[in-house]
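Attaching a single structure in structure tokens format; questions to follow.
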Amino acid sequence: MTKTAPRSRTGFTMADGIQRALDTALGEDPRTLVMGEDVGRLGGVFRITAGLRDKYGEHRVIDSPLAEAGLVGTGIGLALRGFRPIIEIQFDGFIFPALNQICTHVSRMPLRVKDEGLLPMTIRLPTGGRIRASELHSESPETYFAHSPDLRVVSASTADTAGALLLAAIRSDEPFVYLEPKRLYRRYRVEPEQEVAEVDPGRARLLREGGDALLVVYGPMVDIGLQAAEAAAAEGIETAVLDLVSLAPLDEATVLEQAARSGRVVVAAESIRRCSISSDVVTLLATEGFGSLRCAPRLLTSPNRPYPPAHEEDEHLPSVADITQAIKEVAA
Amino acid sequence: MTKTAPRSRTGFTMADGIQRALDTALGEDPRTLVMGEDVGRLGGVFRITAGLRDKYGEHRVIDSPLAEAGLVGTGIGLALRGFRPIIEIQFDGFIFPALNQICTHVSRMPLRVKDEGLLPMTIRLPTGGRIRASELHSESPETYFAHSPDLRVVSASTADTAGALLLAAIRSDEPFVYLEPKRLYRRYRVEPEQEVAEVDPGRARLLREGGDALLVVYGPMVDIGLQAAEAAAAEGIETAVLDLVSLAPLDEATVLEQAARSGRVVVAAESIRRCSISSDVVTLLATEGFGSLRCAPRLLTSPNRPYPPAHEEDEHLPSVADITQAIKEVAA
Amino acid sequence: MTVTDSRPLTDWEPAYRALTCGRAFDELALKLQRQGVLDSYGEARGQEAGQIGTTIDLGPEDMVFPSYRQPAVALARGVPVIELLRFYAGADFCPWDWRKHGFAPYCIPVGSQVAHAVGWAWGTRLEGSDAVTVVFFGDGAASQGEVHEAMNYAGVFGAPVIFVLENNGFAISLPTARQTNAPELYVRAAGYGIAGVRVDGNDLVAVRSAAEEALARARAGDGPTLIESVTYRMGGHTTSDDPRRYRAPEELLEWEARDPVIRFRAALAGVPGFEDRAAEIDREVAADLDRATDEFLSERGMA
Amino acid sequence: MTVTDSRPLTDWEPAYRALTCGRAFDELALKLQRQGVLDSYGEARGQEAGQIGTTIDLGPEDMVFPSYRQPAVALARGVPVIELLRFYAGADFCPWDWRKHGFAPYCIPVGSQVAHAVGWAWGTRLEGSDAVTVVFFGDGAASQGEVHEAMNYAGVFGAPVIFVLENNGFAISLPTARQTNAPELYVRAAGYGIAGVRVDGNDLVAVRSAAEEALARARAGDGPTLIESVTYRMGGHTTSDDPRRYRAPEELLEWEARDPVIRFRAALAGVPGFEDRAAEIDREVAADLDRATDEFLSERGMA
């Protein structure tokens, strides 16, 4: 694992990996389109699509008007017609205007017409906080997607796999929501030879072995979680760290299997607690893995309050110290 | 309890109770407004607001254009100004266009300006299925609200309390979402003297005692759950039935206390399973009530698929038989 | 306007058949719903001319995105009667082969289908096809933000789409005059830099000629058109509705005098041979519906 | 247009002060952001005349709903400099007393504030007050469905609201010409049956006279007005933006020649005593900002 390794000067970042995946997708299938606000000439506010318009033209890398429902809605029409739109929503907090299209159509139309491959579209969404952004730029809206049936929701977490995960989503004929923890876009670098060529978008990934406890995380909590596991290891507690990767559906078998090893589980996420992915992990353990639990699972999330101003975000989110403490408590 | 009692000819229904609560609210405070699509002249598609426009005038019982974001958005503006809008959304499946206003403003504006009483508004929403309706008329969208911080979400369930619960929501200065299980609007009648005068909108309600198991339900699952409890009783299993009433926040103390009695818990709801209120109930038990659980909690929901055509809805939803069976299993 | 000025009668047969078939289906569905065989039905009576006039000249490669009140168009596009019946019976959300018929699934959240049509049309343009896409929505749906967004997208990308705004006077109970303060809705086209026109939606000939212009514009790559088709919903919103609660009976009488089926028959009356051919078509349509009804009832175990 | 034709100079002092103060704040905020004291700042340079011209004649009982780029208006409405700075520093989502100043919290989801303004204005009308509400949004926000819905509501309910559409040429990187195919945005007013007007947003005098008409209309109970204020965002979208990636430097030069502050000074130049009074005001504004900056920096532990 290179997650917490010192930054390297060569190598590539998560942003690079995502950008390359988009390039590959545009290159391999002329029906693939990249659409979104400012994705063309500007290259997106995070510069993820930089250069793609010049390479593929403005009909394939499309600057959309500022209207998210129209963006997803026209994307649906294009997908029905056989195109494969990859839609960038500019920030997590601006997905809400598109929820009618996502919840009533993207999530239902395939079953409505009994055609699973009806909507080969991917919605990319920068998510998560700790970047001192203004209001509604640090959200974790995964629940809104996960609670919408038949949508597949995955989250990137590491530079070495982000590209392959995105390509798997793009190449799938099912609609995917692909979450990009924006804090991690350029935080870590991995060497080219470390890039993972293929990722199963339905499988959780064990990032660290450890027999004393299991920590379940995803997205922007992955590097934090690995740091907590190291901190716990420094105190002699070996913690396995599982990255969910797929938030909907959950890779239930892997979660249950890993939880059974120690029977001591901590789940941590940036999202608020209520109706969260993390709550579902606990529910899974309680209903299907009850017999293997050796103590109450611990759930660390942000409180059921709106994401606060930048000055207060560190207190709002579970920290490395919080998670380390929880690991120590379950392993005690 | 009169829930499963034979229908009476006198007495009043849940629809009557809700209507009377609206009448009371309009009568007692001139700042209260009723707004929504077709709520005026038509009296609403469920006739809940019938007669109110004639009584209070078209400036207080307002037919809105067909635009849910505009409806909630202008409601916010009116509430800021000091009015107390009660907004009817016509059906559960049509809340999605309003989610941007609800999630980014109703749920955040009070904290944004540090004024808890900023938005004294109530959103009424008919929910739930088993009525052979067309697509998107039988949804259980409570998660979308509950996952939006600082929104209070309650569900009516019985005719004797629906009115008082609504009045409590309307009279509160916090924004409330009030869910109305539409199948129950006119299904049961209670006698006038049974009407409950006051309901605490934050408290779960024990509808039935029983020492062998606890069944946790809300909204449209309440009458079904009571029937299941009776069926189990016929086989000698005494099941306590707890109506959550408040879906966000949960009345955690009562849930934990009731669960601890038998340590054997079934949770049932119409909503899909993923990121659901019911999943949160299980999480609560697993994290805070772990020691008192005597077996794995059972969770009955609809599967993580879109609500199906009318012909298939009975199979989609947990039935009385399913719940009875689960009760027997946990109590075994 | 009379028909024969510009076209031979044979050219009008498809429109006549479609109109007749739409009206007959409406009556059938209403009857079956009253008998309890269908869960619910949204009546289209009175709106058939606007619906057929805007779509009868489409080819198989063209596409229609309906709202939920265009059975006449479904049938004209080849959707079998029994499949439409299965929809209203609550058996299936989209019983028809939408690609084959070029008739998209019905769409329940009002206005949300408009962007799909724009995306589809934009796709045809990216492909270099000259296919045209027609999308239906109502005066009520026109208030939805998503309709605004979709029309603006169409303008920006020059999508070959025809927006058919069926202004039938009501959104359930709300009259158009309280849906918006704008006396005419086609003027919104100017706000998107697209063409717009208002037409008497109960006059099939007038509608068809407006549609021809829009079709030509779209096929030529000159962008979208908004057609406001002014008509009247003669029935209830659906069979669960009771329009007597919100509209005066005289208003209905007025519009019955403008019944689009009667007007189209009148327009054709002078055409030599019309009566005979029409009687034949009427018989064929009736027989077709009878057959489908029998099959449907037996499938439901009711025959 | 010159100012003195219709009004004595004293009448223009508030506008002059507001314009000067807005520009000075913009420069200050930009500097503080570059120093790392503010997280991010959305520049308003070039838009001040449209903003001040539409709001300077409001009274304390009137209300302004901003988007997120109207610091000049906030200051003119009495919001203390330090409170604005706290916002951009990420300390607080709404540091000011929005009711007291009649200046609503900044609103991040573009266009979503427009309905709030309509509801508020509708409320004032229900109360029988003659207060007027002004709401700001951009050419990009104008594409949002919620803006359409809100303007339509305002038309239906005759809400006394002035919609100020600041067409500053860009939504981040997207030029207005690709935001919509409509060459002028004020024409959308007709689609809602409300008044609409287009004005040179860099000419304070012209803006103010358009606003006066809209204000009179609203106070008289004659409904809303859409004012399209044509202007230019001279800075980046925010301090995180790099406009050189998407616009030609010549374009900026062109608009610098139309700088609204310079133009307003020029319009006042012939007024006797103007130079002296202006110099006084300039000094007062600068002193005020200096004081606030010191206080702010010491509160941040940086002074």
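In order of appearance the chains are A, B, C and D, and numbering begins at 1 in each one.
One rule holds in what follows: a residue touches a chain if its C-beta (ideal position, glycine included) is under 8 Å from a C-beta of that chain, and two chains touch if they have at least 3 such contacts.
These numbers were taken from a predicted model, which means no experiment stands behind them.
S.K.: If you take the chains that touch subunit A and keep only those that also touch subunit D, what is left?
M.R.: Per touch definition, common to subunit A and subunit D: B, C.
S.K.: Please identify which chain has its centre, taken as the mean of its CA atoms, farthest from the centre of subunit B.
M.R.: Looking at centroid distances, D is the chain farthest away.
S.K.: Using mean CA coordinates as chain centres, what's the gap between subunit A and subunit B in Å?
M.R.: Centre-to-centre distance between subunit A and subunit B: 32 Å.
S.K.: Starting from the mean Cα coordinates of subunit C and subunit D, work out the distance between those two points in Å.
M.R.: 45
S.K.: Mind pulling the subunit C residues that touch 2 or more other chains?
M.R.: Where subunit C meets two or more other chains at a single residue, that happens at 93, 108-109, 143-146, 149, 152, 156, 178-180.
S.K.: Got the subunit B residues that touch at least 2 other chains?
M.R.: Residues 65, 67, 69-70, 93, 96-97, 100, 104, 111-112, 135-136.
S.K.: With chains as vertices and touches as edges, which is it: line, ring, star, complete or other?
M.R.: Contact map by chain: complete.
S.K.: In the complex, go through subunit C and note every residue touching subunit B.
M.R.: It is residues 39-40, 89-93, 108-110, 140-141, 143-146, 171-174, 178-180, 240-241, 245-246 of subunit C that touch subunit B.
S.K.: Spell out the part of subunit C that touches subunit A in their complex, as residue ranges.
M.R.: So the residues of subunit C in touch with subunit A come to 93-94, 98, 104-105, 108-109, 112, 114-124, 126-127, 145-146, 149-150, 152-153, 156.
S.K.: Would you tell me which residues of subunit B are touching subunit D in their complex?
M.R.: It is residues 59, 64-65, 67, 69-70, 72-83, 97, 100-101, 104-105, 109, 111-114 of subunit B that touch subunit D.
S.K.: Along subunit C, where are the residues that touch subunit D in the complex?
M.R.: Interface residues on the subunit C side: 143-149, 152, 155-156, 158, 178-183, 185, 187-188, 190-194, 223.
S.K.: Considering only the defined contacts, which subunit B positions touch subunit C in the complex?
M.R.: On the subunit B side, the touching residues are 37-38, 40-43, 45, 63, 65-67, 69-70, 93-94, 96-97, 132-137, 309-311.
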